[in-house]
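See structure below.
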Amino acid sequence: MILGRGSKNGNDAPYYGRHFDQWRITCATQWHAFIQHKFFLSLADGSLPPKNFVYFLRQDYIFLLQFARAWGQITSKGSDISEIRMATAMMHQLINSKLQMHIELCNDEGIDTQKLFETTENPATTAYLKHFENVGASGDFIDLMAVLSPSFLGYAEIGSFLASLKTAPKYQRWITTYTDKNHQVSCHHIGRVIDDAIVQRLGADAMTTERWQTLCDRFRITTKLEVNFLDMSLSG
Amino acid sequence: MILGRGSKNGNDAPYYGRHFDQWRITCATQWHAFIQHKFFLSLADGSLPPKNFVYFLRQDYIFLLQFARAWGQITSKGSDISEIRMATAMMHQLINSKLQMHIELCNDEGIDTQKLFETTENPATTAYLKHFENVGASGDFIDLMAVLSPSFLGYAEIGSFLASLKTAPKYQRWITTYTDKNHQVSCHHIGRVIDDAIVQRLGADAMTTERWQTLCDRFRITTKLEVNFLDMSLSG
Amino acid sequence: MILGRGSKNGNDAPYYGRHFDQWRITCATQWHAFIQHKFFLSLADGSLPPKNFVYFLRQDYIFLLQFARAWGQITSKGSDISEIRMATAMMHQLINSKLQMHIELCNDEGIDTQKLFETTENPATTAYLKHFENVGASGDFIDLMAVLSPSFLGYAEIGSFLASLKTAPKYQRWITTYTDKNHQVSCHHIGRVIDDAIVQRLGADAMTTERWQTLCDRFRITTKLEVNFLDMSLSG
Amino acid sequence: MILGRGSKNGNDAPYYGRHFDQWRITCATQWHAFIQHKFFLSLADGSLPPKNFVYFLRQDYIFLLQFARAWGQITSKGSDISEIRMATAMMHQLINSKLQMHIELCNDEGIDTQKLFETTENPATTAYLKHFENVGASGDFIDLMAVLSPSFLGYAEIGSFLASLKTAPKYQRWITTYTDKNHQVSCHHIGRVIDDAIVQRLGADAMTTERWQTLCDRFRITTKLEVNFLDMSLSG
């Protein structure tokens, strides 16, 4: 079973624009470690112990709250209404759909809302979130896109793969969120915004610039932080 | 004809929580200059020349884009999900409803979208937006609420008054946005978030603290900037 | 009398690195309007009325305080210790030397410190400072250098020219600050930091990138805001 | 041997103003764990292994660079020139004195500058720095002072204690920096700025407000992060 193959490699990973595609390719090892992570495979076949699922959900709740804030910060960095509109749509989805689902799934597993809110952040979560804040303080719109896209578009890629499998019913609700068609539509839109934003700032040959290397570095570091986050969820 | 009477004064201005109510009272002169501004009265009776309406819309478009960004910044300052959720709802409304309406109303008046986007910011707009940015850089959640609420809740108060009048059909679409019931519901919610946020940070007796005076100052300065913005729209 | 000739044009304007030099050249008209502004010429020959000098000093005090804050913000955006060290040196100079001189010069002209602190910001100052804040919120290190350098290096260029003239004694203390050798040394250093920062981010051929155009735009807009600031000082 | 006794407790810990004093008292356990940390005791008697000293210096280098950035951010939050002047002085000291010393001490121990720059951040450092960034994004001037003062004034208290001991020569240069008289003078000044800033914002009875509790919480959490940082240095 192979997930997360970059579309240029002749496989069927979803395509979210040419710059995101190239980002995936330049850090193929880390990207595969993320997309093919044992956490997702065991979630799919139902072998993931509930305590690890809950551990993940609770850390992910902390993560998503700060993730939503980072999209809020994107609004200051966006140069026009389309960039701001995308960030707003993302926040809306994260706050009103994703975080709400986390609360309900935790409740189902016996973690009440108050207990969820009091979760202690683990070091992998801390490191990931600090990365967002560093880039948010020092970078511009496309810097932030390079660190926000691995998670958002990566989970959509995972969802797209899981949709092609016969998955166990155990974690179906979580899986459905990411395999959802509407989710894919919004991810394709984000891919287009990324393409437009990079061309507007670095030109049509953006990939030949020095700046592009920095963006690739940011993307790769973020992907690695994502893998650490999943490792911690399995061992937590 | 009198608008914008603070609810404690025995009149029928809508009530958006006790702290906002007190803010209005402490700058009653400036508040009345805002709520009773000739711009709104002439909008209501249809005597406002279309060129001033368009001038206002174009400046307000610039204003609202930055206003949405300030709500995006609120997400970094909010301490819990309810504060972040409110900011997200505000951004959603501003970007997808208010700004969209401005584009359409301008189009109706012969200003196409590209021309709208190229509007030159007038000094009153600049001064108002700089105020948001200063407070955003230096202050916390309640500082920002003191500078964001005059506009948002003030227009709802104006809408509430206009709803009680027999208004001319000329500017009906604009008027309807602010008299809309859903708009009032979201404003009441914001009023509650403000009350909770201030009590959480300054205690139940917040109004006796030094900090409260600073918040009142910020509210008053903002209200004055709002009046200048409307003055400019009449003379522009 | 001609000031502010770009060094590539075969004249004797000081050279603060190749990127700054190119920035000056791409907005030659606005740059000359700044460097050759009547405000400086009348300051040099002593014909500037004291009330305009004081008006300028008071607005410039407000400006420099926010200017120092923008250099403080640079520290978050700098990628290494040399960039942060430069920003720190700038803040030190602005806060402990420039602002202190403004206080003393105002005192000499009968404006006591409290009165100086209570100066009302004029619209040209507001517009200039809002520009800093916008770029600070949305851009990265080199974006900020493009908007901070026109003022800092421009005044050094003006100082360099004034040093070559026989100036009237009237405003000598102010003039001396900018003709000072140490000031020139720190400006040459800033020029090198700008060159290194741009090459590090956009490559050796930075000037061929899309991003370079944006930097040139930011520089030109800033220069125009500087001219407006000086116009206001003459008419204020 | 007892260090770091709050001055109200009848001992001889240096006094850096009444609010800082109260902060120390409200988290006495954590404060003592910080000030009396085995790391400092073994540094004083020379028993600390050089490898732990170097480990500490390298992490502290990363820490101080971000610490300087946080003081840079203070300039945006300061309300007047005295607050901005203090932040500037702090940055100057951190960048030009402290960080320079770290580079030289590391060089002495065989870690060249390039190797120092490439140090990998440990999780305790990450957690501490993320805390600064969170408070920087969400809070105001006094919030930031509550998280920046434990380190700066705490090390001065440690220095004051070490000055009263007969310390081994081994780590004398490091010790001297913190026992230095000028360092104490600048710390007393910071204490006064904190007192003034809190009274200006929360009034003379600040300690009775809800907000004060939040400041105490921030101070305590920071102190705990400082202890974790030192633990890591001993075990690293």
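Labels for the chains are A, B, C and D, by order of writing; each one numbers its residues from 1.
The criterion applied here is as follows: contacts are C-beta pairs under 8 Å (C-beta built on N, C-alpha and C of every residue); 3 or more make two chains touch, one makes a residue touch a chain.
Bear in mind that the values here come from a model prediction, so they are computed numbers and not experimental data.
Path length between chain B and chain D in the touching-chain graph (shortest route): 1.
Among the remaining chains, those touching chain B as well as chain C are A, D.
Copies chain A and chain C of the same sequence differ by a rotation of 180 degrees once their CA atoms are superposed, given in steps of 5. Look at the CA centroids: the one farthest from the centroid of chain C belongs to A.
Taking the mean of the C-alpha atoms as each chain's centre, chain A and chain C sit 43 Å apart. Inter-chain centre distance (chain A to chain B, centres taken as mean C-alpha positions): 35 Å. Within chain B, contacts with two or more other chains are made by residues 69, 76, 137. On the chain B side of its complex with chain C, the touching residues are 69, 123, 126-127, 129-130, 133-134, 137. Those residues of chain D that touch chain B in the complex are listed here as 76-79, 137-141, 143, 199-203, 206, 209-211, 214. If you check the complex, the residues on chain D that touch chain C are 65, 68-69, 71-76, 78, 80-81, 84-85, 87-88, 91-92, 95-96, 99, 117.
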